[in-house]
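Heads up, the next two complexes both have chain A, just with different partners, chain B and then chain C.
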Partner chain A sequence: MAIVPPLLPLLLLSLSSPMFTQLFNRFLGSRFWALVVKEINQILKNRQLLFLLIFPPTIQLLIFGSSLDPQVQNLKLGIVDYANTSVTRELVSALSENQIFVADNYSFSEQALANQVEQGKITAGLVIPPDFNRQLQQGQTAEVQVLIDGVNANTASIAQGYITQIVRNYSSNLEVNATPPLVNPQVTFLYNPGLASSWFFVPGVIGLVLTLTGSLVSSATVVREKDTGTLEQLLMTPAAAWEILSAKIAPLFLLLMGDVLLALGIARLIFGVPFRGSWAFFLATSALYVFVGIGVGILLATISKNQQQVVLTSFFINIPVIQLSGAIAPIESMPTFFQYLSLLDPLRHYIAISRSVLLKGVGWEALGLNVLALGAIAILLLTISIKQFRTQLN
Partner chain B sequence: MTKRIWNQCLKEWAQFRRDRLTVALAFLLPLAVLLIFGYAIRLETNNIPLAVQDFDRSPLSRAYIERIFATNKFQPTAWAGNDPLENAIDPGVAKAAVIIPPDFSRQVQADQPSPVQVLVDGSDVNNARVIENSIRATTQFFLSSSGLQPGSPRVATQTRLWFNPGLKEALYIVPGTYAVTLWIFPSMLSSLAMVREKERNTIVQVYASDLSAAEFLLGKGLAYLAIAIGQALVVMGVGTILFGVWFAGDPTPLLVGTPIFLANSILFGLFVGSRAGNISGAIQGVAILGFLTALLLSGFIYPLSNIPFPLSVLTYIIPTRYYIEITRDAFVRGAGWAGVWLFLLALIVLGFLLFNATRRVLSHMQLPD
Partner chain C sequence: MTQTTRTATVERDFQSHESVIQVQELYKRYGKFTAVKGIDFAVRPGEIFGLIGPDGAGKTSTFQILSGVMEATSGEVQVLNRSPRDARLATGYLTQQFSLYSDLSIDENIRYSAGLRRVPTARLQQRRSKYLKLMGLEQFGDRLAGKLSGGMKQKLALCCALVSQPEILFLDEPTTGVDPVSRREFWDVLATLASQGVTIVVATPYLDEAERCNRIALMYEGEIQQTGTLAELRESLNLERLELRANRLEAVEEVLKTNAEIADVQTFGDRLDILVPSASAGETQIRTLLQQHQLTLNDIQPAEVTLENVFVTRLRQQGNDPPFIPFPRSKSTGVKQDKQVAIGVRNLNKVFGDFQAVKDVTLEVRYGEIYGLLGANGAGKTTTIKMLCGLQPPSGGEMSLAGQTRDLRNSALRKRIGYMSQKFTLYDDLTVVQNLQFYCGVYGVPRRARQEKIDWVLETCGLVGQENLLTGRLPGGWKQRVAFGASVMHEPEILFLDEPTSGVDPLARRQFWRLIEDFARQGTAVLVTTHYLEEAEHCQDLGFMVAGEVVASGSPSQIKEEQPGQLLELVTNQTQAASDLLKTQMEPWRVSIFGDRLHLVVDNPDTEIPQLRSTLDSDGFEIHSLRPIPFSLEDAFIGIVQRTQE
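Presenting the complex of A and B:
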């Protein structure tokens, strides 16, 4: 802040200096500026494009953000309590205490319980044998049977862990002279103490939305000129290919940065995702990623003949890009081959950045490699697409 | 009337066959999606990078650490520095850190509880819970197996995992992938076929002819149903070979349910095609509306019961949701008709609604006789 006061008059001075006005006028009179004005006018007139920039990203963020939730909770627990005493009822309430299981289903036979698991009506079942109390009183180990629907392997194994733990705690509470466990892990969840799923997924979905919107919108603006044949007219003008292309990219870039802010706003206001890192770092890396999206879009537009092909190919490029990025399912659990493959996926790097910046508040020191990878991919994509665009002209 | 439907169907079939590129894509793209989804979507993580800071450096603490890494859940991570939070978890080198206090072995041997600090990266919700559970379970196992705190528990659990005792995740993901794939591609083909008639204005000829909207739809739908059944055979055939997923019980619900689901998919495509103005609009409609809902609101990856209220209502009109239940039953559960008849009924109702909605759109344009 301290450097601002001396800078401000300096800036004003330079704005009014004749050299600057001359430069400014030259810029305003340049071919490049004329092209940018043309692009902005075209975008503002194109209702469909504005619609694509606002509506799908919002819907996608809302649906992805609220439907991606891997938490194991409210599993339906069926119970067959042959003993039916206060001790066993305590066990049942211990199991349904913390919302992981909901005991809403009492049956009278194991067969009925088994049928319910089979038909998917309950996820887990607990069978308490008739001699449960007798065994406890005689000092023997009483055994309860647990059935878990293993169809969803991930949920099943987490549920199994919970049941074992809850029963163990219950069991040690039964001991008269119970000793606390000698080693007691004290678990702290960092960054996301409430373990809110949306905090994990929404930063990833911001990247996903930028991918879908960026590639779609930028390919649409290029291919439309192709469809209508105005591209040839543009090429006949004295403007160089780079001028045409960068005049196209500049307004798109600004609009997509608007999408970044839109997505961030939804993340904060609707999902309550924190923002712990540096704004400058986040905006700079987002800008890099927007360039990746634009690069993909222009490349798609240059290799396709018409809008239909663009939309179709972008759809099939986006599926693996999204799938390998960790936006939907964590990268760490993918098979090793796909984990390596995902290193080539720009979205993976951007998601790593946005998750870490938003939740962990770390910056360049932790994410340098991701930024470099993103930068390299952005440069590569832009170079190829500009080259493609040029060869197309000849 | 049957003859007219049949002729429309033959015309559609001939048109499809002529377009070699579309034919190739119609069968290759579903396979590509099957491979990506079937192989890459896994939720259970092993080899989670774990940083250890051992202030005790005693045989006991080393035995404890060894025990933790003996499960294949964790993998030791090399990190430099003296703060595991700042040097291992913040940079993302490790997902969790175990910090053993300096008087760990002294306390344990004196029969005093020793607190071990476990820091878990909570940003990844699924893994955070898994890490917590397995550290707790391993600690328990360490105490009883090393003889420090033996004592048999008063209550023991005997767990049986039904349907999938090995907890193979492919059994969960692959049948779901069938459903998602067979939703996207048949609907995409049929929406393209429909919107093409509009773009080329051949739809006007149909409107002007005495072919009724229902006959037109049935004819078109029938041709694409045949193609979709071909896609289903290819996808499920390759899936069976690659992932070793085979019928767990009575296959008839799947045999009946698949054509009904495919009809839903095709009718959805025809509906989108009849509403969309141009081809890219149709593809976007199918891609955003169809693909997104089939992927997210169907219980394909994460449990349906986790979807919050206003959105959870929407899941009831997603056909993929019901078909996923049918495929999972056919390939994993094996309960047969008793478990899935309701889902089949739901598919029939949804298909009927889609058919009527599309017929309405088309008959508005039809000339009155």
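Presenting the complex of A and C:
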């Protein structure tokens, strides 16, 4: 009892001071507080809302985080080995060693191989001529023929790249005293040394999840009031439109920030994504993005008559927003026009921020422009949606 | 006890007739709650049998069992000598909600129900035109069901039920929320169907409608209290009714209430309804009583006991009288006793596209006054209220609210206004007490006063101890009472009530009106809309709206007196046949069936009464009685609507 922290009495003093009590009581008696309490009570009774806030984000993160992977593995490689010697078998095993190719499909003629490519049974075919060995032994350049299924251009080019590289490596090993190449690049991967693709995708998916959950949950709470007709009664009360809306937004904001933490937790615990930047910076920018989601949601709710319409309309907004954001496909690979268009996409900026903060640990100095863009979009959306909310009441 | 024995004897008599429905010792339990507690009744073929009772009396459960939708917990139920489930193809069931597809047209709805019941196409066509004609819907065949008025929707629903030509119709409150004109038309259709041999079991909250049933069962808390014809029920009450008019009604009511000889006193607008054991003895007694208190009496007249009197008296005997507790005021009383104008409207207009919803409405409500706005669905009542509240901007006209003419949406003004909309004024997903706390908070009731007001609402609604119930679980009538409480907790100076009593049982409705009158006495200006025309008698001033216009206004007595012509009551040996005959002789709206008698509106009673007698005589009808009776507000309303439409 002897040691009382010096701050505690001070704190108690300030809490019991008549002015503070009065202010506190006034707040508890205010319209705004009554509106907030009502929203919280409704949220607590709404199991569906709590479900929407927890399960879909978790599942989306788990699925997108593990299934979105641009690497090519286990391509089926068909082989026609006319030479059939130990040297050629070494070449084949070199191709299949790193699990990029599975080479267990031997054919006896080029024609059969071509047929298999045509039927899609194999992605690539390798034809080793009968004089392969002889040519090598004579110091001549041996040639192999490669057939690639070009339907999936992406896979085709990757397969081509791998085959070229592996064959080149193989042939350089054959040359006992070959001259080293003049330039030998030593590539180091910064920030993601193991090149784990989930590290790249998970921060994007956090943004994606916030977009979907934020817009749906906030539109649901606004549209429900319209759906059941209580909105009219609410408008007859002395409460102003801004009070009604901010009382709706405040608890939603806290819940969605909880979703941000949930997503970060999953990123960290399941995918091992590092957190290298500043928490304050990340939470502040996430808060901005949550406001964007809420703005979209309220806007949706004001233009829709009921819950069903909200969900259907949200497809028109959320899917393009996600496609343009770079969460799934890299922005650099989009046509120029869409690259510019994506600058208007709030999710693009948020993903840029979250990737950089999580993986690189950079902050305001590098991401200032993204933050400004995000802030501008958030303010714009909230202004429009509040205005829209007001006008639909009149 | 004698009552029960007699009812039982009557019951046995019916069973010895061929009865199409027999119910014995029927029970229905939901978990611990028993909704139906051993009821017995029998229904004869071609009869309109009314099941009358307050919300939660077990009517809907009974209907669901009779129609085979739900299993009984125990008891014997025979419909057409079969189990209700097996009899389903021969019965039709109409629920409280409109059971229609609102995005299908009238024809498509009918075809759909016919398809479900496998009606052959040729018969479907013939029945479709027959019933649509009967309902007066034949020219709207391709209109979407969602675009019909409430009354037309219920008629269409009835058509859909009739298309398979059922022998029995179960109608669970088919006319709730339907305007008086459509309601009367609906009941005329029912009378026609009954005369064609269809048996009808019907529930209704409108007791004036229930008087049109051949027999009535009064149901309360899962038990049938009494069964009989209207005359039997009236007789069993052993009371007579007096209508009293005086200048100081309030004072008269106070004096009469203290007297033990007087069974019931009830204010109806500008008159008191008094129930006494004997009309003549009661009259002399009242005269002496009033003389003792130096109160003047303008007029006292004996009148027939209504079904409402029977029902309310029976409910009282059950001890189900909702308490009247004066509202705990925190503002100083005697607000605006000077009778200033609270709501003033001049030439108010509202145009939606090319549809004029409200046309040149002018009205004035002073503090302490109750103004009733009456009219059919779609007549523009709700639009008018919404404009007055500032929920919709008017297209033209002047409005003043509490002395303000501009910016009717500011929050200081809103604090002085109470508004109860037609439905959904409470949050179903919050508990009762959470709803009340919310409305206290949002209207800025001081925190100290809140608990007192909330307690008042709970006590008035009889919900003490159940305040943590989810509001969505309350029956409709209770929800309305809580919603009313929520809208007055901040002691508004002006109160807008849009159909506050729809779906509320008669006793609770009386309580409602006592509360409304209490607020008015304290100086609140009240503007109310209602479908119950007998309730409109509580208003000091009325406005009748037809197609967006106020076509008649004045006090209830004034309006009734200003009705041209005379209302006649006709009792014959064949009510339906007489109605059919007279409808060919005069305009159909002038003839309507009330239970076992007809109401006729004639313009020149002196010449028309002899004509009527000779017409009926020549067609072989026995006239038991043909006498002039005073207009009720409903008769006046229907007359006004019909004359305006002509």
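The rule is simple: the second predicted complex is superposed on the first by the 374 of 394 C-alpha atoms of A that agree within 3 Å, B and C clash if a C-alpha of one lies under 4 Å from a C-alpha of the other, contacts with A are read in each partner's own complex, and residues count from 1 in each chain.
Quick note on the criterion: a residue touches a chain if its C-beta (ideal position, glycine included) is under 8 Å from a C-beta of that chain, and two chains touch if they have at least 3 such contacts.
Quick caveat: nothing in here was measured; it's all calculated off a predicted structure.
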| item | value |
| --- | --- |
| Which of chain B and chain C A:Gln145 touches, first, second, both or neither | first |
| Touching partner for A:Gly229 - first (chain B), second (chain C), both, neither | second |
| Contacts of A:Gln137 with chain B and chain C, given as first, second, both or neither | neither |
| First, second, both or neither for A:Gly29, with chain B first and chain C second | second |
| Which superposed partner A:Ala240 touches (first chain B, second chain C, both, neither) | second |
| Dominant contact partner of chain A by residue count, chain C or chain B | B |
| First (chain B), second (chain C), both or neither touched by A:Val310 | first |
| In the complex, chain A residues that touch chain C | 25, 28-31, 33-35, 37-38, 41-42, 45-46, 228-230, 232-240, 394 |
| Residues on chain C engaged by chain A in the complex (per definition of touch) | 389, 391, 393, 411-412, 414-415, 417, 419, 421, 423-430, 434, 437-444, 446-447, 470 |
| Chain A-touching residues of chain B, taken from the complex the two chains share | 29, 32-33, 36-37, 39-48, 64, 85, 89-92, 95, 98, 104, 107-108, 111-130, 132-137, 139-140, 142-143, 148-149, 152-165, 167-169, 171-172, 278-280, 283-284, 287-288, 291-293, 295-297, 301-303, 305-308, 311, 325, 328-329, 332-333, 335, 338-339 |
| Touching residues (chain side chain A, partner chain B) in the complex | 56, 59-60, 63-64, 66-74, 91, 117-120, 136, 141-158, 160-165, 167-168, 170-172, 174-175, 179-193, 195-197, 199-200, 216, 220, 307-308, 310-312, 315-316, 319-320, 323-324, 328-330, 332-335, 338, 352, 355-356, 359-360, 362, 365-366 |
